[in-house]
Amino acid sequence: MMSALNLALSACGLALAAALAPSLVHRPDMQRTTLSLLLALTGLLAILAGMAGLLYGGGDIVLPLGLPWLPMHLRLDALASFFYLVIGALLLPVAIYSQGYLRGESHLTPLAIFLPLFVLGMLGILASDDAFTFMLFWELMSISSFFLVTFKHQHAENRKAGFIYILMAHMAGLLILGSFAVLYAASGSFEFSAMRQAEISPFWASVAFLLAGFGFGTKAGVVPLHGWLPEAHPVAPSNVSALMSGIMLKVAIFGFIRVVWDLMGPGDFQWWWGTLVLAAGSGSAVSGVLLALQQHDLKRLLAYHSIENIGIILIGLGLGMLLAHFGHPMLAALGLIAALYHTINHALFKGLLFMGAGAILHSTGSRDMESMGGLIHRMPWTAVFFLVACLSISALPPFNGFVSEWLTFQTALLAPQLGGALLTAIVPFSAAMLALAGALAAACFVKVFGVVFLGHARSEAAAHAHEVDNWMKLGMAIPAVLCLALGLLPVLFIPLMDAVPQSLLQVSLAGSVHAHGWLWLTPVTAAHSSYSAPIALAGMLVLGGLAFWLTHPKGTSIRRNVLWSCGNPHIHARMQYNATSFSQPLRRIFAPIYRPEVHAHSEHSRHKVLANQVLYVVHVADLGVKYIYQPIGRFTLFTAKLLQHEHQRGIHAYLAYTFITILFLLAVYI
Amino acid sequence: MSSAFVQMLQAVLLLLLAPLATGFVATCKARLQNRRGADVMQPWRNLRKLFGKEVVMAAHASWIFRTAPYVVFTATVMAASVVPALLVDTPLSLTADVIALVALLALARFFLALAGMDIGTAFGGMGASREMTFAALAEPAMLMSIFVLSLGAHSTNLTTMINHTLNSPFALHPSLAFAMVAMLMIAVAENGRIPIDNPGTHLELTMIHEAMILEYSGRHLALMEWAAMVKLMLFATLIADLFMPWGMTTDASLVGVAVAFALWIAKLAGLLLALAVIETSLAKLRLFEVPEYLSGAFVIAFLGLLSYYMLEVGA
Amino acid sequence: MSAALIQQLVDGLAALMLLTSFALLAQHRMLSVLNWFAAQGVLLAVTAAVVAYGTDNNELYISAVMTFLLKGLLLPWLLWRVIRELHVHREVEPLMNTTLTMLVALGVTLFAFHIIQPIEKISQLMTRDSMAIATACVLLGMLMMITRRKAITQVVGFLAVENSLFFAAIGSTNGMPLVVEIGIAFDVLIAALIFGLFFFQIRDTFDSLEVDAMNAHLIHGDDEE
Amino acid sequence: MNMFLATLLSPLIGGILLGLIDHPRLAARINVATGVSTFVFSLLLAVQVLDVKSVDAMGGWFHLDAYNVFLVALTTFVGMTTTIFSGPYMRHELEGGRVDRLRLRLYHSMFQLFQFGMLLGFTSNNIGVLWVSLELATLATVLLVSLYRTPASIAAAWKYFILCGMGIALALFGTVLVYFTSSTVLGHGNEALTWTLLYAHAAELDPAVMSIAFCFLMVGYGTKVGLAPMHAWLPDAHGEGPTPVSAVLSGLLLNLALYALVRCKMLVDGATGTDMAGHIMMGFGLLSLAVAALSLHKQRDIKRMFSFSSIEHMGLMTFAFGIGTTLSSFAALLHMTVHSLVKSGIFFTVGHAAQAMGTQKMSEIRGLIRHHPGIGWGLLIGTAAIAGFPPFGVFTSEFLLFTAALESYPWTTLPLLLGLLVAMAGLFRFVQPMVYGEPAEHAVPVHVNMLPVYVHFALALALGLAIPDFLADWYEQAAALIVSVTPAGGGA
């Protein structure tokens, strides 16, 4: 029996091998196959490593790399194992999917090099046990994903996205580096083991927390640090965006937990930490979904939903931090579990959604929802898988998204009084925000599925779309099944994750969770709250079957007929509600937040009712980008311009600078 | 009687009484408007008729359109069957707490909206868009009021919540009052009643729920209609359970159940009558006044929460 | 001669040094600038000789002779030739009018004294007082480079700075070790040659020795925004 | 110490020889040969020196210790690769008619003389000789910068000459001041200018004089390091000279100047016993970082842009040396190494890119990856490396620098962080459009030799992944040496 750590290391090794493979293999299709194969194996190993690590504990090892006095420390603990599981669970299907998705891609080499490096970076981050190694892999992840984002660099928009992405990734890296530097100053060592032991003053602890929070928050796309996310995800190849959205953001969450929960520990928490995280979470959740609702670029919409889900995860974490600070470890553990559960859930269904979007892009060649419609007839399998993902992300039973949101609700609900009515009221309020976000998400995915798959085709491309090949189908099927499994059997899965709160909070939920057997999920006690997806599903199946059987008179078949539309004989596809019109009520309700810019234009003949052609375009700007990023950029350029004028002076001026400098120094220091 | 039997019984009762409840409201409204109107059994007749008719379906409607009625119906009934009507502690009530119950209804709504989008008319999309929008706004308010209720019981399990109310000495809780008002407002909205939506209308521009099922016919339509009726019933029962559970039995004895049944019917009658009164006395809101209505509900619920912390925890 | 006399001599020379620096700043005509520059060179040589005599340090005689040849004769002659060959306009075009320059110069000198006076006490050398003046001269040379438009006057300023450095070396430290001095002198020579070389190139490329004319070619501002 | 003599003389001889050879190919080969031999000698020398911690040569005129012998090795290495690179590059220029045979001769011999000056400066044990050699190197490069004889290049050379002349003069005055006080301790003569003796008696030197001296030395050598606000010469000199020259300017000359500055700082610290020198250096470092980082955003010329990046990194090193702890000095030395490697590598690539696109205007350089993947990826990777992305060594050194700064002066980390970020933004905003997209139509195929580039990047990569032990304790010795004289060792 191979130890969990060895499995993890061999996973990293395989990723590295995959990165080096292109130097040997040159034919594109061969490259594609090796890439998919090796990555799939990596994913498999990661899953095994995660399982083994959670069940039998991990281990640690020191490699003679890195700084002279600081060799590379690697360690696989419960937290890392769990995230290995998450990565593997998505990497495996995405790798299979890529085999089909990348077919016919001409120069594949950059992708074949940087995709494995990207994976390697993420796997390395999880396993690293000292600040330097962590940062090394972290930046490796950032830079390689940058190359992936700019993979199709012929389009200017991709380059722009790449620039914003690399810039913010670097900022995140520097901030995280800052927080590590603080911890280093406190502990005098880069090793995590030492940092855990170190006593750190409340002030510096808060500094480290803020640095880490902003750093990882930037990477995770927390509002208002999310500027890069809706730019980068759409332009990357879909299998890459699946990984970026599915697991890279999770790695940022991991980093946050690692630094704040693990290296500093609940002992150092201060009341406002949890509150801040909670607020950030609620804000991201709501604003993310609100912005998503207004998108009609499918992948961009999904990107905004990643922001929303990161927000949900943060709500769980924030609750956990608050509760831990006020001395309720059990409930804190519940919050943590909820967050982690949503982490893996989001990895699965968001990965699936991006794969689906990729499939659609692959067969219609477009990301614009306004040009789709009726695809369910052309791509039945994709439609099914996509529907599963939609139901999951909309937090509908019996799928997995609901379980994690339900757990989060429970945490919020069971939270007792925490010092001060204000603080106490914040908790249920954030829960309400969570409810709002969930419901809006449902609205949004009715829109997505309805506009993309249902109704009539809105364009030629959509009308002649074709179903994707079996590799891609398989790649989408796996997460779809997992979504259902995680939704039905949380009771079997939560005890597996239980090792994480055990290591971080020294409490265990396993006992109470399946106190009532595998059927009943009872986070605390059955009296408090309980949920049984299997029974609900079974009941619905029985009822549905019954209803069908009873109401179905033999022999009568369904008559198909044309639509009735107010007597209008021929109905046009343009008459359907499309993405823009679907979200019009919300646009109107939340107008103060959206500030929509409407460009309406119509050509009339004779009378204003008889319009030949009406053009109606709505643009909803991302306020964060509009009022934070652009000003910063302008300010930088402005100062740069001022400096530039200084650089255009004559030689005398420079001599004068030197002269003044020397006089200044003498005057000041003598 | 075993509790399992009572469980079955009340589920079936919910199912069967649902059309009557709708009919009851209709009749009351008619009377209040000085019309004779149809009698209470009318909805039943409609359903029977619809089940008999053949199904005509849009040419290119997909399987979503065909399965939606069943999903909507079963999800709603499933939700209804976990709500204790007579017996407090029913075996199924563990299956889903209040939040899960809300989620089941959301599932039903999801498919309803998809079905609306499937046929690809302007109306379907319009209905779906509005339905989802208002539901999204109703959700937080609903959750808030549930929060207020569950705070006392420290639970979201209906059984526990009801028990808590039953066992605690009767006292005027301002928080509960707030919560109840909010819950009533939400119930009206969720069931597409005046002043939010008019189940009677088929005037395209104002309808919401009807717009989505416009293309349905035959048994599909019947299931959809029935589901709506069950939903109304469900909400009525839920409100009765949460705010006035008195009379529900804790043991499955015949007498207890009988008493509980009688009281239950009485409560329902009261609530539905109130609904009828509201529907006749109010005019339908303009579409974009609905958000104010719902956010109002949310604010009220939140006030309930605050007043709980301010007034009741200390005392 | 008595040490006291030597010291007074050196101080006197220092005073003259300061005078020449000011004179260089004040000149209007190129030729007179050159003359003053030559005078300064000779002055340096004399100082070196005097100090050499005073401290009977023979190395210094060598550097005295070197200085006389290089700075008193060779460099001024080179520059004079350049001016003649290139028909440099005979006016010194200052960027800042002379009176203002003079005022600044005075300020700078005072500043130098203020800085240096305190530290002179630590030196037991008889010639220590001249350090302040040397510093002042260095700063004045820089001032000259800043306030003169012509390339050639900048060079003169540069060489003036070198002179004052040299003066500081001999005047206040009784001379640096010979190796260093030779090295320095060597560099100055090369520098001067390169200067000469440049003048012709600049003249060919820009047909003027105006520094600003060159500057136009170096503006790489970015206004595409 | 014959190995030492060999190292020192081979560039001198090579230079003189190359001055006489007119045949371009032959000259190029000899140039390479000289570079290689110098490097080999210096390696052997380094090995020798590392056994015996420090050693005097030629009757105390030269002193070799961990600090400078390491820089000697670095210098000769980069010198060598540059000679290799300049072969095809200068041939292309010759064919393009930008230089004639005579100029080529001048180029080769001046290049080697420059090397000689560098080595002389690093190894000399005499503060005066250090000055002389730095001046020598400067004069050599002045001729190199003006090699093309275009108006811009002449103007640039003139600017370079005047500004650095002035700076160097100030440095000399500082030296005179040092001598002024040291001569009272060590008597007149060379002893008073010998580093080793100066350090030995640092405590006895007069603090007041040394402070003033440091002000002059700082501004003087700081001008050559390219610290703001004395940096104006640097972008022009880099932008207008031949690319190999830009490479060695950034990669080597600045190092020598910084080396001199640090030596002086050590001395002054010893004399004053305060952190005054360190604080001044930190101030200049941060200022340069800020100025360079912002100026990066407003460039048109690719070489000028990267020269601003050099200013930025010089600022970082100065800052690190200014902190004056062992960790920071270690970081600074490591940074010096990797910056020399990566930056010269970048300039090689840039040279080829400019030749391929026939211009240095960034707006006209497009789609390098498509046009010539080697150049394109080289430029992109190099930029990532210099911007501080792992696994390249720059990241390691910046990581250490950051922690060192936070240990001693926590509040300096904020401007540091901002500066790095802004600089990185500036680099990528220009590099991305150059490497990505479709190539410009005026692109021409070029014969390139990417070997030196790859070697440099590979070394930087290796340093990022793992610092070999011998190199590590080499750095540690050097850092210890630098800090040893420092009394307080920084620390706020």
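When the chains are written out, they are named A, B, C and D in that same order, and each has its own residue count from 1.
The rule is simple: contacts are C-beta pairs under 8 Å (C-beta built on N, C-alpha and C of every residue); 3 or more make two chains touch, one makes a residue touch a chain.
Here the structure is a predicted model, which means the values were calculated and not measured.
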Other chains in touch with both chain B and chain D: A
Selected interface, C-D versus A-C, where C-beta contact pairs are more numerous: C-D
Distance from chain C to chain A - Cα centre to Cα centre, in angstrom: 69
Please tell me the distance, in whole Å, between the geometric centres of chain C and chain D computed from their C-alpha atoms. 30
Chain A-chain D separation of Cα centroids, rounded to whole Å: 44
The distance between the C-alpha centres of chain B and chain C, rounded to whole Å, is 99
Which residue numbers or ranges of chain C touch two or more of the other chains? 115, 142, 145, 154, 211, 214-215, 220-222
Among all residues of chain D, those touching at least two other chains are 158-159, 162, 166, 170, 208, 212, 235, 298
Residue list for chain A, restricted to those that touch at least two other chains: 637, 641, 644, 647, 651, 655, 658, 666, 670
By the document's touch rule, what are all the touching chain pairs in this structure? A-B, A-C, A-D, C-D
Of all residues in chain A, those that touch chain D in their complex: 64-69, 132, 135-136, 139-140, 142-143, 150, 153-154, 156, 159, 162-163, 166-167, 170-171, 174-175, 177-178, 180-182, 184-185, 190, 636-637, 639-641, 643-644, 647, 651, 654-655, 657-658, 661-662, 665-666, 669-670
Inside the complex, what are the residues of chain D that reach chain A? 158-159, 162-163, 166-167, 170, 208, 211-212, 215-216, 218-219, 223, 229-230, 232-233, 235, 276, 280, 291, 294-298, 369, 384, 387-391, 395-396, 399-400, 402-403, 405-407, 410, 413, 417, 420-422, 424-425, 428-429, 432-433, 436-438, 464-467, 469, 472-473, 476
Chain C partner contacts - residues on chain D that touch it in the complex: 126, 128-129, 131-132, 135-136, 139, 142-143, 146, 149-152, 154-159, 161-162, 165-166, 169-170, 172-173, 176-177, 179-181, 183-184, 188-190, 192-193, 206, 208-209, 212, 235-236, 239, 298-301, 304, 363
Under the definition above, what is the set of chain C residues touching chain D in their complex? 57, 115-116, 118-119, 122-124, 131, 135, 138, 142, 145, 151, 154, 158, 161-162, 165, 168-169, 172-177, 179-180, 183-184, 186-187, 190-191, 194-195, 198, 201-202, 205-206, 211, 214-215, 217-218, 220-222, 224
Under the stated contact criterion, what part of chain A meets chain B in this complex? 373-374, 376-377, 387, 391, 394-397, 402, 406, 409-410, 413-414, 417, 421, 424-425, 428-429, 431-433, 435-436, 438-440, 442-443, 446-447, 449-451, 453-456, 516, 520, 526-532, 535-536, 539-540, 543-544, 547-548, 551-552, 556, 558-566, 571, 573, 575-578, 581-586, 588-589
